[in-house]
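Can you keep this structure in mind? I'll have questions shortly.
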Amino acid sequence: MVPRRAGSGIPLHVLAERCGAELSGDGSIVIDAVATIDDAGPGAIVFLANPRYRARLAGTRASAAIVSPADAAATPLPKLISANPYATYAQVATELHPAAPAEAGIHASVSIAASAKVAASAMVAAHATIGERTQIGARAQIHAGCVVGDDCSIGDDVVLHPNVVVYARTRIGARGVIHAGAVLGADGFGMAEHEGQWIKVPQVGGLAIGDDVEIGANTTIDRGAIGDTRIGNDVKLDNQIQIGHNCVIGPHSAIAGCVGIAGSTRIGRNCKIGGAAMIAGHLEIADNTVISAATAVFESIPTAGVYTGMFPALPHREWRHVASILRQLRSILQRLRELEGGRGSKGE
Amino acid sequence: MVPRRAGSGIPLHVLAERCGAELSGDGSIVIDAVATIDDAGPGAIVFLANPRYRARLAGTRASAAIVSPADAAATPLPKLISANPYATYAQVATELHPAAPAEAGIHASVSIAASAKVAASAMVAAHATIGERTQIGARAQIHAGCVVGDDCSIGDDVVLHPNVVVYARTRIGARGVIHAGAVLGADGFGMAEHEGQWIKVPQVGGLAIGDDVEIGANTTIDRGAIGDTRIGNDVKLDNQIQIGHNCVIGPHSAIAGCVGIAGSTRIGRNCKIGGAAMIAGHLEIADNTVISAATAVFESIPTAGVYTGMFPALPHREWRHVASILRQLRSILQRLRELEGGRGSKGE
Amino acid sequence: MVPRRAGSGIPLHVLAERCGAELSGDGSIVIDAVATIDDAGPGAIVFLANPRYRARLAGTRASAAIVSPADAAATPLPKLISANPYATYAQVATELHPAAPAEAGIHASVSIAASAKVAASAMVAAHATIGERTQIGARAQIHAGCVVGDDCSIGDDVVLHPNVVVYARTRIGARGVIHAGAVLGADGFGMAEHEGQWIKVPQVGGLAIGDDVEIGANTTIDRGAIGDTRIGNDVKLDNQIQIGHNCVIGPHSAIAGCVGIAGSTRIGRNCKIGGAAMIAGHLEIADNTVISAATAVFESIPTAGVYTGMFPALPHREWRHVASILRQLRSILQRLRELEGGRGSKGE
């Protein structure tokens, strides 16, 4: 498909200025779209961040490129030179494909409590529901079907995509982007066993989300059991993530899709957690830690580093053998010790 | 944030009576909130269930505590003594932070089929949709944006949080709590391969959910292919769980977030399944079984116990070595046998 | 519960004709429901696809059966004989339990943009929202609470179950079935790190879904970063799946619940991916590949086959031992080599 294009395009020298990149070549050329190196056509700008694609750059039909100083010679095209081509690409793409502006105003079909305060510049779309005493900030967009409970605070410029549910007493800082179907502030999973029945533990804490947080589609973050669950500034969460009650996610951490984090775990700042990783409850993960995808973490990580733990995928027959021998490891170790015999134990 | 507090608080002796706990110390002190040991202030009550926090209890600024008989000496505060402090805490918290009452009545914006029967004491909030012949029980709360299909039965005192979808012919027993975005009774994943195409297998069974069941946000439970999918009484399901068609979950079992259970598997009663565990289809899991988080179960478990299976998270370099040596296990075993040589095989 | 039944039933010989199966026995018997072998009663038809259930067939109270030629002697009941009994069952069940027809028409409560084009034969249910320039095909069903963005194309006979969200510029081919809570076309997880902050990378691609695609409840598929995310014809996706930006899923592939596929990965045609499998980004998976449930895939799979990788579930104590010895594998290998000593290395 043809992606959205700016009506008239933007000259390359203007993009260079706006994005703080160095211009090389004809700055008057008009750029009207971003594209991949392979699919680009005239008017498009491409970027080279991964050296693997360097050779392909020669064959692109794009009109301009974004490259690092080291790759400046890789193309004769007019170009933007940047120490961080991917970040410059992000800026250029934002210039060329600005988000469609939302019209301020409240749709006739919404249900807004009398005591709610919605900024005049905010948008509240069809069939949205907003609870008592809730505040919606300037230029916020509450898309169709969203339900925001009582006593919430939704910051300036926040976007709630359709059908997001925000439970009572949740706060979202400025510029948050919450994708469709996310559920913020539901009850944590707390119950006490008593005479063979579960008694629900009221979840009386809240959920406090910082500024510049993006939350993916159908992600769920529970409110606190007593104190708050807290999501730091500039945290980025992908789709289908589950974050339990009273977790704390440090600023600028990024978490990929399908991750589960059980209750009361604290993730440091600048952490990166790969998709489908699973982190048990009541742990502390150090700042700057990287957890690989599909890795289960059951102990605190006090020292930053890259942590991994998954069974590698093997041809099924081979896996069967390996899995079967796994159960013999104690026997293998024991037999090895016996063979080592008189040489003395080498420790466990 | 300050959690919700009861307007005027409740004297400690009243809490003791209501919760069946033994009072020790000044029962006239008025309690108006639960709190953590570290964050508590005057008027708050804290609980000690985990001995790890025993030492901290001395420093709390709370006005009262809930402790076991063994810990009664751990604090000079007025206190409730209970054999199960966490259960007593749950009761106290329920007294102090009662759920906000819902006003009975049907919002003007709802779409309710003519043949649906909604109890006069039930609440149906904005933009909800209720299908033909569906019954909504006394004091039930159908929050904004919920869609309940035809021929459903929603029990007394059930709460459907916003944007829950209940497919046709689903039954939910009394006192169920269904969190936002849950989807109950969608088609199971059934199709037959025929000449290189998939033919959809109609999912003609239903979904029967017992009494006192709590279901987390964005959890999905499929209807049966022929017979029903069944969720027993007092089952507690966390967020983002997937339960396939024709599963049976026994009474009082609790399942943590992100668990997937494939079709036709039967989980016994009183089972506990940790987060992100994965259970294959057509299995039988014995009553009282505990399955650890992140564990994949591919065979029936006929004997109760604790079952675990996950690759421990390691520093990435170490993991690489271990994963690489895994593939050599057959060779290692073979070489060990060769070394053992004339001593005779020690079995596999 | 009693599943839906056709009002008057269908004679067995008519079912034989409609489904292309061979009739054996009394074709005049009227069939009005499908059932399991164990639960069937008079009027029901059962099927035998799994030889494990062959013995039970003798005891069924059903009125007819669907069997393979090899199993034709397993029951004296009137029967349909088919080389693919499960596919014939699917056809028979479709005849006996046809989907409830949707009444064409647009509910008074919907919000439809002036420039949207909705086929006269389509249904748009309560509280749905449809964006500018979006097209809704003939006989399509847009159920309650769905939100379809601007510039979308929803094919003929597509069913969007309640509360589905379709972001702008998404296309869904003919006969798609999208279950409740699915989110199609949300932004991919793209951001560039710049001076300690994340810059959002605009996701300017789209999402193109082929014909005959079924998508499970609460599944999420992201739009492309530049080009499109593409889901091929006849792809079947279960619940709670996450598919990242710019993935390509080949025709006729089937993916079970809770699977995560990271961005830019290409799954071939006719692939089968088990529940809770996790596939990293930028990989290529060959046509006809089978990936077992709970398996993490971190490298491309150029050759079709069955691939598996999960730590088997063990009694917890045994798992602790095995997991602990895992970390000693390097030492074990080293010690084995030392024992082998002068015999020469046997390679790593």
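So that you can tell them apart, the chains are marked A, B and C in the order they are listed, and the count of residues begins at 1 in each.
FYI, a residue touches a chain if its C-beta (ideal position, glycine included) is under 8 Å from a C-beta of that chain, and two chains touch if they have at least 3 such contacts.
No experiment lies behind these values; they were computed from the predicted model shown.
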Q: Note whether the interface between chain A and chain B is symmetric in residue numbering, meaning over half of all numbers used appear on both sides, and answer same or different.
A: different
**Q.** Equivalent-chain rotation between chain C and chain A, CA atoms, steps of 5 degrees
**A.** 120
Q. When the centre of a chain is set as the mean of its C-alpha atoms, what distance in Å lies between chain A and chain B?
A. 25
**Q.** Set of chain A residues in contact with two or more other chains
**A.** 109, 127, 145, 163, 181, 218, 240, 258, 310-312, 314, 326, 332, 336, 339
Q: Write out the stretch or stretches of chain C touching chain B in their complex.
A: 1, 3-4, 33-36, 39, 84, 86-87, 89-91, 93-94, 97, 99-100, 107, 109, 125-127, 143-145, 161-163, 177, 179-181, 212, 214, 216-218, 234, 236, 238-240, 252, 254, 256-258, 275-276, 293-294, 310-316, 319-320, 323, 326-327, 329-330, 332-333, 336, 339-340, 346, 348
Q | Complex contact set, residues of chain B against chain C | A | 109, 111, 127, 129, 145, 147, 149-150, 163, 165, 167-169, 171, 181, 183, 186-187, 189-194, 196-202, 204-206, 208, 218, 220, 222, 226-228, 240, 242, 244, 258, 260, 262, 278, 280, 291-292, 295-299, 301, 305-312, 314, 318, 321-322, 325-326, 328, 331-332, 335-336, 339
